[in-house]
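All remarks here apply to the structure that follows.
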């Protein structure tokens, strides 16, 4: 893992391209603005449609022109689609408000990126709205290609090319799996539209459906960045322009999650009876692993955007935990309420993660666009230079660390409740798995808090550690506005989650067959969340984040009043205490230092290695300077992917080296082939 | 002439063709191989004449004539000219030992008869043993090409295997349509010319045998 | 009007905890002194410290951001809010309309306090603050899950994480009678208490020797009223943890209805239990040495393990 | 009904080729080249119209134009046009780099015309003998073209090409003879319908399965050699990499498709005689083997044109796979894939030629930052690569989708599995190579000369088709494919 990545390769290499502006002329700038505004309008419209459907109006169905003779194409927005459409649109709105000035700031190919952006967002929306396999696949691949262009078009350095390649390969492998699943269904259904596919799936036997589901999980997991299919994610997301990173993390991963929901709960689910336990087990397990693994690796990143990318892995894990639990509990007598709770938790976390991860990426982008680096060690002291960014980033950090009173805590609370109550209900192995998941989730929360204490502290606090950070200034208003939008969402979702439950009613009702989210979770008013389904008729926990927040606020105000009571004793500034030396930025605790204890505690996972180079000074005891460089590895990458790649290449090399260039060999091959075929097939 | 006699004669000619092919396989000398191919062409012509008499099909006479002129005279002459031009030593350098080549050849013959043994009634459509012999000749010709180093010997093998095809084609009742036969022969001649030119070209440009080039691989 | 009464009770309990907090610290110090054959300071010493700090002026690091002054306030507020959720005298804290007193929220609020404190420590930009923050977060992320697990292992039979309900169900529910899992969880809690209250063997509250300190390191740059807030927060947190343990494992003697004698009884019971823990902490503090920081994880892992085992036993 | 078009069509390139021999001027030759290609395409479209209107057309009793023919005809015509347009710019470059000698240009152009003529005859012939003759004709003409640059490598490639394919072709002849014999026997000795495919396939049900089986094997291996099916593909990368770029484009885009045409014709007969399983399984095997064999060579390839050559092996394999899966769906997909691959591969080769000239190397490790050097070509190359790798919205995705669906429908799960895995691996390899070439920073010295409008026009023609077929399927075209499928299934 590269610890330091220049976000903007000096001197753009793409300027020869006609689509690339020469130094962003007015025309180009207008085009960029226009493109983003168009996207913004589209996103708003999409959000409107989604809200209408979620509000309870009939599902929207649009028949598309028949492009191919073998498939009817259509869009169908039911509750589930609408919810994910909403998620996509929310992030898209913020991104397209934020985008233009960001691209103006330091993009290499604004036009290309704007075009790709204008393809990317609609494709994501289309995937969510697709009513048939073909539309789904086309939009799915369009999404991949557009995001790939966005990843590689930012600069021309080799690392981004590699990142893009890795991303594309993983995505394509996933698509291949999806292709197999979809086509198997279409073959049985003799049609491409989802209802027909669902009927066909219903006619299949259980084992086949399980195989198909696992394939689908593979396909969507590769896109969602589920461990161990996540390796592309931390490479690709940082490489894109920041508002696109926000979209990729906040929206694109959710689209993959949508796929899992669509397949797991709707398409492949049998119309009668519960889902096979193996599905829930797998999803729950993968979710737990992703959550812990993602956050552990995030802790050791010093590239701000890379850190956020790893956190996406973590949050996808949390979402999957909820989903897996819902799969395990759903359709079993007595646990419908719990299943709904779990599902609602997972869906809500989807929305929450879109909000705060989008916010964080936008914040990171605003920092990067001012300091021209993504390396946290070169930041510092930005809180006083770009206050808006700083406070909004802090808000995001609190939210993602699942700390009250913001939205991250709400969904995680629901997940905890579902895990505990569900674990008690299921008992046995499944219950134990739920228990393990609960403990791992708790650990994840702690790790996330530590990680963002580091991220925020090292980036925005202390003294600036580089000239760029020294002279950084606040980002332009549109970027701030984009962040404010998502920040607002974080606060709202945190303080009055009951209203968010209304949004979840329709999807949960569709998936769980009847029981709607707010009937379970917000049964006692929008300000109160209650975990339905306590044992033996006992009422389960209820909680009011609103109340807690207001109490917190009251006390805070009171204390602030007492604290700043006018008193004669003076207030003065003094340099920070550094044992009497004059403090410089070299005294600050760096990200590496901050994460060191954890590096040692979890050494088994990190396999850290360090190198210390010392330049001897005049005296052997006083070296002129010490250079410390350490790095940790992504275990899956080193253990699995590297070896796989090496094996394939080695085999291919061997074959190629052995192949003959002599014509006799060629002729012999022809002859041998003929003889063999004659022997095998020649006789009746 | 009666059908039985014709059939017996065709079978005998087939045997002769096989023998000559074996000779080519075994021959250590280029000229000997070339002459063997010419001889094959002559046998082919005779076979054509016989079939012509039996079936009373005028085309076969003409085809037989053309075959003899082209394959027994023109092509060998061409080959020999090329040999003279490039002045390679006359010994054939086998890519695989001749003994092994012969064993493979025997195996191929067995295979051919074995295969066509399974073909039931249709055997009557093709006179006598023409089919297995044709298969054997075709494959053996290719075997020659695979087992010899020099480009010219590969051409020899090519012609030999084409003789096999012609033999089968004639043995099939009525032979192929006239025009087709002509076209096929034309193609063969053209191909031979092009190959010859290539050989000479390489020999003159880079002084080596074109079949020895093996820089393109992988 | 039930909710008024509820709110009143809640405020009373919270006030009680906040007021008692420093006293607990004082007692612990006193016991330590006695065990070390010293006279020791008066048990009211913490109050006097707080008063003095409130009177003093503020010296603030010139590199710190405006956020720095807010930190102590927010930390204190978070801690006190957490305190407000505990059932101390009456078992049911909130009302059904506005539920208040969820254990997970309590733990999360403590985590929030820790998070803010760590950020504040990084703000001044000295090495001590950074080190303190780093270590505190490290300890925290090991303690929190364990704490959660303890809560879960109780909640999983109680069917709720509402501390008040748990307390009442201890009385009513047969399933919640003491069993082996409770023992394990309680032991885990005993392991966690020193860590969470920043005491030996995990941390050393009364030194500023930078190599040994965790919590104190973060306070280095705070002064005057700010420091007072944080100090009070620390006291409160300590008593919160103790009474959380009480609420989870031995909520006996809590008042069911609001009558003077019932409340008096409840108060007496509470103070008694509290005193037991105080003695326990004092003894531990003066009979152990502080661990090397990198041995702490193993120590806490023990707690984590016990907590998980108790949870597992409950489920299986 | 009969028409003059089927035999007029091949005469066009013959005549223009003869005219070319009279001229020396590059412009005139190029103009003639484009003109004749244009005429061919136009006539092809007219013929298509007639066929669509009045069903199969036969002429001279030996030529035939049905929907299958039309598909290949249009492919050849279209590629001929696009290639002839792109040849202009390419020729200028290679004259400048003295790869071609100005005094031999007219031979080159004439040969290309002859090459095209033979291909046209191949797809237009009804008589299997003529089919064979024309096929051998393509071998001879194209072999000369492959060796046209006259250096050591090109001559080696040409030699390998002509020898190996001639062997293959002679097998093809043998197979033809056998099947003809079977037909003759089925007719009681005397066979009326000469060697016409139409008449043989009409009675294919009565043919003796044993001998047809044998004949089909010979034909498959023979014409398969020409089509570049593994494991008899070895000549292909050599020839495709050494030929002059426009010829490579035609070889890959059109010629191997002509061989496929032959296989398809015999496939129909074999289906009639021995039932669909036999030939189907055979094709299936060859398809899988081709896809698998091509993979390692694609992954660790450094020579750009060889890479594309091996890619042709893979895609021919995919076509054959589609035929092997059988069913209307598979055949439909196979035919569609034939066209898609022809167009895409031509595009790729033409751009590759430009890149090779600019960087003066065909080593993909040398070619970097092509996007910066030649923006449009770079973009199109990227596009072509994605299309070859089978991603939407490009045409190959659709045909591959259909083929996979056919495979699942015929429940050849193992084949589909292997196919999908290999496609992913190949995707990785290809995009890796192309990404390296297109992105990144171009190292000096590179010729950054501006791209010629004309050349871009040719490329855009191809690209347009790729995208068009990727996003929709015109109704008329669909009807054409459906009819062709019916014809193939007899």
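By written order: A, B, C and D. Residues from 1 in each chain.
Here is the rule we go by: a contact is a pair of C-beta atoms (placed from the backbone, for glycine too) under 8 Å apart; a residue touches a chain by one contact, two chains touch by 3 or more.
Note that the coordinates shown come from a computational prediction; the quantities given were computed from them, not determined experimentally.
Participant: So which chain is the furthest away from subunit D, centre to centre on CA atoms?
Facilitator: If we average the C-alpha coordinates per chain, C ends up farthest from subunit D.
Participant: Sort the chain pairs by how many C-beta pairs are in contact and tell me the top one.
Facilitator: By number of C-beta pairs in contact, the leading chain pair is A-C.
Participant: Central chain, going by Cα centroids?
Facilitator: A
Participant: Could you work out how far the Cα centre of subunit B sits from that of subunit C, in whole Å?
Facilitator: That gives a centre separation of 100 Å.
Participant: Just the number, please: Cα centre separation of subunit A and subunit C in whole Å.
Facilitator: So the centre of subunit A lies 35 Å away from the centre of subunit C.
Participant: Approximately how many whole Å separate the CA-defined centres of subunit B and subunit D?
Facilitator: Roughly 30 Å, centre to centre.
Participant: Using CA atom averages as chain centres, what separation in Å is found between subunit A and subunit D?
Facilitator: One centre to the other, that is 44 Å.
Participant: So which stretches of subunit B touch two or more other chains?
Facilitator: Within subunit B, residues 115, 118, 142, 145, 154, 211, 214-216, 218 contact more than one other chain.
Participant: Counting only residues that touch at least 2 other chains, which ones in subunit A make the list?
Facilitator: In subunit A, residues 656, 659-660, 663, 667, 670, 674, 678, 682, 684 touch at least two other chains, as defined above.
Participant: What residues in subunit C touch two or more of the other chains?
Facilitator: none
Participant: All pairs of touching chains, please: list them by chain label.
Facilitator: Listed in label order, the chain pairs in contact are A-B, A-C, A-D, B-D.
Participant: For the complex, which residues does subunit C have touching subunit A?
Facilitator: 54-67, 70, 72-74, 76-78, 80-81, 84, 94, 96-100, 102, 104-105, 108-109, 111-112, 114-115, 118-119, 121-131, 133-135, 137-138, 140-145, 148-149, 152, 155-157, 159-162, 165, 169, 220-221, 224-226, 228-229, 293-294, 297, 304, 307-308, 311-312, 314-316
Participant: Would you tell me which residues of subunit D are touching subunit A in their complex?
Facilitator: 159-160, 163-164, 167-168, 171, 209-210, 213-214, 217-218, 220-221, 225, 231-232, 234-235, 278, 281-282, 295-297, 299-301, 329, 369, 371-373, 375-376, 378-379, 386, 389, 391-393, 397-398, 401-402, 404-405, 408-409, 416-417, 420-421, 423-425, 427-428, 431-432, 435-436, 439-442, 448, 471-473, 475, 478
Participant: Taking the touch rule as given, give the residues of subunit A at its contact with subunit B in the complex, in rising order.
Facilitator: So the residues of subunit A touching subunit B come out as 656-657, 659-664, 667-668, 670-671, 674-675, 678-679, 682-684.
Participant: For the complex, which residues does subunit B have touching subunit D?
Facilitator: 115-116, 118-122, 124-126, 131, 134-135, 138, 142, 145, 151, 154, 158, 161-162, 164-165, 168-169, 172-174, 176-177, 179-180, 183-184, 186-187, 190-191, 194-195, 198, 201-202, 205-206, 210-211, 213-216, 218
Participant: If we count contacts the way the header does, which residues on subunit D are in touch with subunit B in the complex?
Facilitator: Against subunit B, the touching part of subunit D is residues 127, 129-130, 132-133, 136-137, 139-140, 143-144, 147, 150, 152-153, 155-160, 162-163, 166-167, 170-171, 173-174, 177-178, 180-182, 184-185, 189-191, 194-195, 208, 210-211, 214, 237-238, 241-242, 297, 301, 306.
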